[in-house]
Amino acid sequence: MTIEKLNARLEYEMENLSRSPNLEKVLEPGFVDKRLYAMYLCETYHYTLHNARNQALVATRRDTSNIQYMKYCLKHALEETGHEMMALHDLKNLGFDVSVDTLPKPLMSTETLVAYLYHISEHFSPVARLGYSYWAERSYEFIQPLLAMLSDGIGVPKKAMTFFNEHSEIDAKHTEEVEESIRRFVKSDEDWSAVEEVMVGSLILTTRMMDEVFDQFCKLKEGKSTRYKFLG
Amino acid sequence: MTIEKLNARLEYEMENLSRSPNLEKVLEPGFVDKRLYAMYLCETYHYTLHNARNQALVATRRDTSNIQYMKYCLKHALEETGHEMMALHDLKNLGFDVSVDTLPKPLMSTETLVAYLYHISEHFSPVARLGYSYWAERSYEFIQPLLAMLSDGIGVPKKAMTFFNEHSEIDAKHTEEVEESIRRFVKSDEDWSAVEEVMVGSLILTTRMMDEVFDQFCKLKEGKSTRYKFLG
Amino acid sequence: MTIEKLNARLEYEMENLSRSPNLEKVLEPGFVDKRLYAMYLCETYHYTLHNARNQALVATRRDTSNIQYMKYCLKHALEETGHEMMALHDLKNLGFDVSVDTLPKPLMSTETLVAYLYHISEHFSPVARLGYSYWAERSYEFIQPLLAMLSDGIGVPKKAMTFFNEHSEIDAKHTEEVEESIRRFVKSDEDWSAVEEVMVGSLILTTRMMDEVFDQFCKLKEGKSTRYKFLG
Amino acid sequence: MTIEKLNARLEYEMENLSRSPNLEKVLEPGFVDKRLYAMYLCETYHYTLHNARNQALVATRRDTSNIQYMKYCLKHALEETGHEMMALHDLKNLGFDVSVDTLPKPLMSTETLVAYLYHISEHFSPVARLGYSYWAERSYEFIQPLLAMLSDGIGVPKKAMTFFNEHSEIDAKHTEEVEESIRRFVKSDEDWSAVEEVMVGSLILTTRMMDEVFDQFCKLKEGKSTRYKFLG
């Protein structure tokens, strides 16, 4: 396995996901409004809260024996710490009255993503989590059309897009670091296969989360109640 | 919330699942063969291996403070210990040459189910896992048509169905115990909502596992390679 | 290594401990009173609360792969569940007004014993904890003189000695089970050495706990304040 | 509670420890030789290997909710990562042929210290581990006489003292950071009491480790065998 093959697999999976009927709907003019974005920010808050934690968890393992890799994990965890507050900040700037205490609980699919990331961080090969970072850091290039739709299509102000803009900017730097780490620390066939499995697995679970958010939005459009009480 | 409402929710979800197009295909005469059952046993081995462990995990928690409930968890874990060997035994009796060491690794959806069960056992309300037991112990009444198809439709011999037959038999006894435990130990609104969330969540993740097994079977029918090398 | 050598080592360590100057003082007529016993019950409550939990923890490990041993751990955990309440019950029957909520926190040495037992249950060889059970189940034969002193010397009533009397009775049965388990499940040199290390380690830490209780008692006799406020 | 009182308590405990008969022996001209230092480096390797890990563990907790404190933990863990290799390096420069794989296992007292630090990092108040950092970072001022004895008394070369010299240098900087963190993050009475308890507890367990090293050295002087085979 090589990083080129990993990348080819990622592009193949992304290509598949881009044909999702939900995505078409989302990009259809007039279908969505800022409440979908609000719901998404809420779930983003929930999983982001755990990202630095499950990243740090890798560094606590007795079998994370490569000192340079252990440092990478801690540095990366440090950079991710507190990013959930950006999602909350954006939600407030979107005009909703929420706080850490009044936010609805995570959706089942968000909880599943969180569970999976802790699980692989604790029990798979210590390098496996790089498979998540690999696509997560690069995802901002794929979601450009979505971001454009948010700002142009439904008029989300810049001050409510700090989470995405910030992450797009630190993108280039991080992508390079993750690629370098994969080249440096992923050696055996089992390691490569763990990285690939986690890349695909976490991507699918993230897509499921986005699909459940979309379903909730459709329920809301139909006038049904959801757990997002703050949307009124 | 009451156990009657929990049951109504379960029946509603089961009703939904029974309309799955994959299930229709499976029950269609001549479509499936014993390789589908073999794949399913393989995944059953993988998640069952963890069931006693995540059940015991609940008993290790400092905040599992009800002594009677702690005893229930340990007794239940004790009863589940080693059941994965029945699935392996059935796989062998089906005519396949497998062992603990040569079994293919779990599918991504199986791994996700396992991750979720550990997650809720460690981090949700201590009683949350009862939501999984609630439907799992009762599932055998729902899957009777599937079992009939296995034995009559594709001629799986009785000696390769010990896992299901055994679990159907201990069914009645366990169902009662789980119901009694729910009545005894689930008190607050948060507890009830955790039980319901885990019931639905683990049911959906189990269905996803069955769907992925079905997809793998379809790949095999089309002559593509799968990770189930033992199927030849 | 054999169980005979393990036993010889235990007797050697017990012999050493029996020459402790604190023990001499304790057995000296008129030196101690029931407050020492009350302090000891309080610490017994604290570590016993964790015994079933750290025993169950062994069964949750992925590398506890022997099914019979896993069952032993769960059965043993089940038998230990809730025993801390006997210590609390004895404390009340001794005439003190305490409850789970008003009990003073564990001493530093009690906390250390608890930390050690979780640590070895999670990270040493899965069979290592048998080293703790080995001496703990047999300790009641060694502490007979102490128990006699409690009842005859300082007049502790029978109803305040249920923890010790109960454990003395289940002693014979358990001792046999633990010995049988050691013979059955401890195989490699590393396993034997882990069992021996944990036997000696947990014995020493338990002795330290008893020494700290004794120091606290001496402070109390000198009129200094301790954390055992319920002693008045 | 204030940091001044914490400091007063530390000085009181240090004062007590400085009257240890073992310490007197160690400082007695001609009694010790570089084998004692080698044994100590070996145990230092073992507990230091876990320091960054148990520090990072604090940051993985869901209830470590203060983002600034979480960052402090990760930064501190990052700075500690790999320091065990300095101890190993010093051991080699002392003239002994050892490697990560051939090093003897930790002493029982070293294992206990490690167990305690993981325990409090996972289960005490999230700020409790600051109590360990507080004295550990400042310990180098207390052990100056010991270091002088090492270099002047038994002629340990500078190149075999990198662990201590390095830590003495980063001392001033870290001490300030830890004090600032205590002032910033330790608020409630329970937090202060957890910090104090961990300060005293970890100091005592470290002293016990040094005492066990000393006992092992005495055994060696008497010609008895120890687990430090590399000493010849």
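Worth a mention:
Order of writing sets the chain letters: A, B, C and D. Residues in each chain are counted from 1.
Here is the rule we go by: a residue touches a chain if its C-beta (ideal position, glycine included) is under 8 Å from a C-beta of that chain, and two chains touch if they have at least 3 such contacts.
It should be emphasised that the depicted structure is a prediction, and the values quoted were computed from it without experimental measurement.
Homomeric contact subunit A/subunit D is classed as same-residue, with over half of its interface positions used by both copies.
A count of C-beta contacts for the chain pairs C-D and B-C puts B-C on top. One finds 48 Å separating the Cα centroids of subunit B and subunit D.
With centres taken as mean Cα positions, subunit C sits 39 Å from subunit B.
One simple way to say how far apart two chains are is to compare their mean CA positions; for subunit C and subunit D this gives 29 Å. For subunit C, the set of residues touching two or more other chains reads 62.
Taken as a contact graph, the chains are arranged in a single closed ring, with each chain touching exactly two others. The part of subunit D that touches subunit C in the complex is made up of residues 108, 111-112, 114-116, 118-120, 197, 200-201, 204-205.
Of all the residues in subunit C, the ones that touch subunit B in their complex are 52-54, 56-57, 59-62, 67, 70-71, 74-75, 77-78, 81-82, 85.
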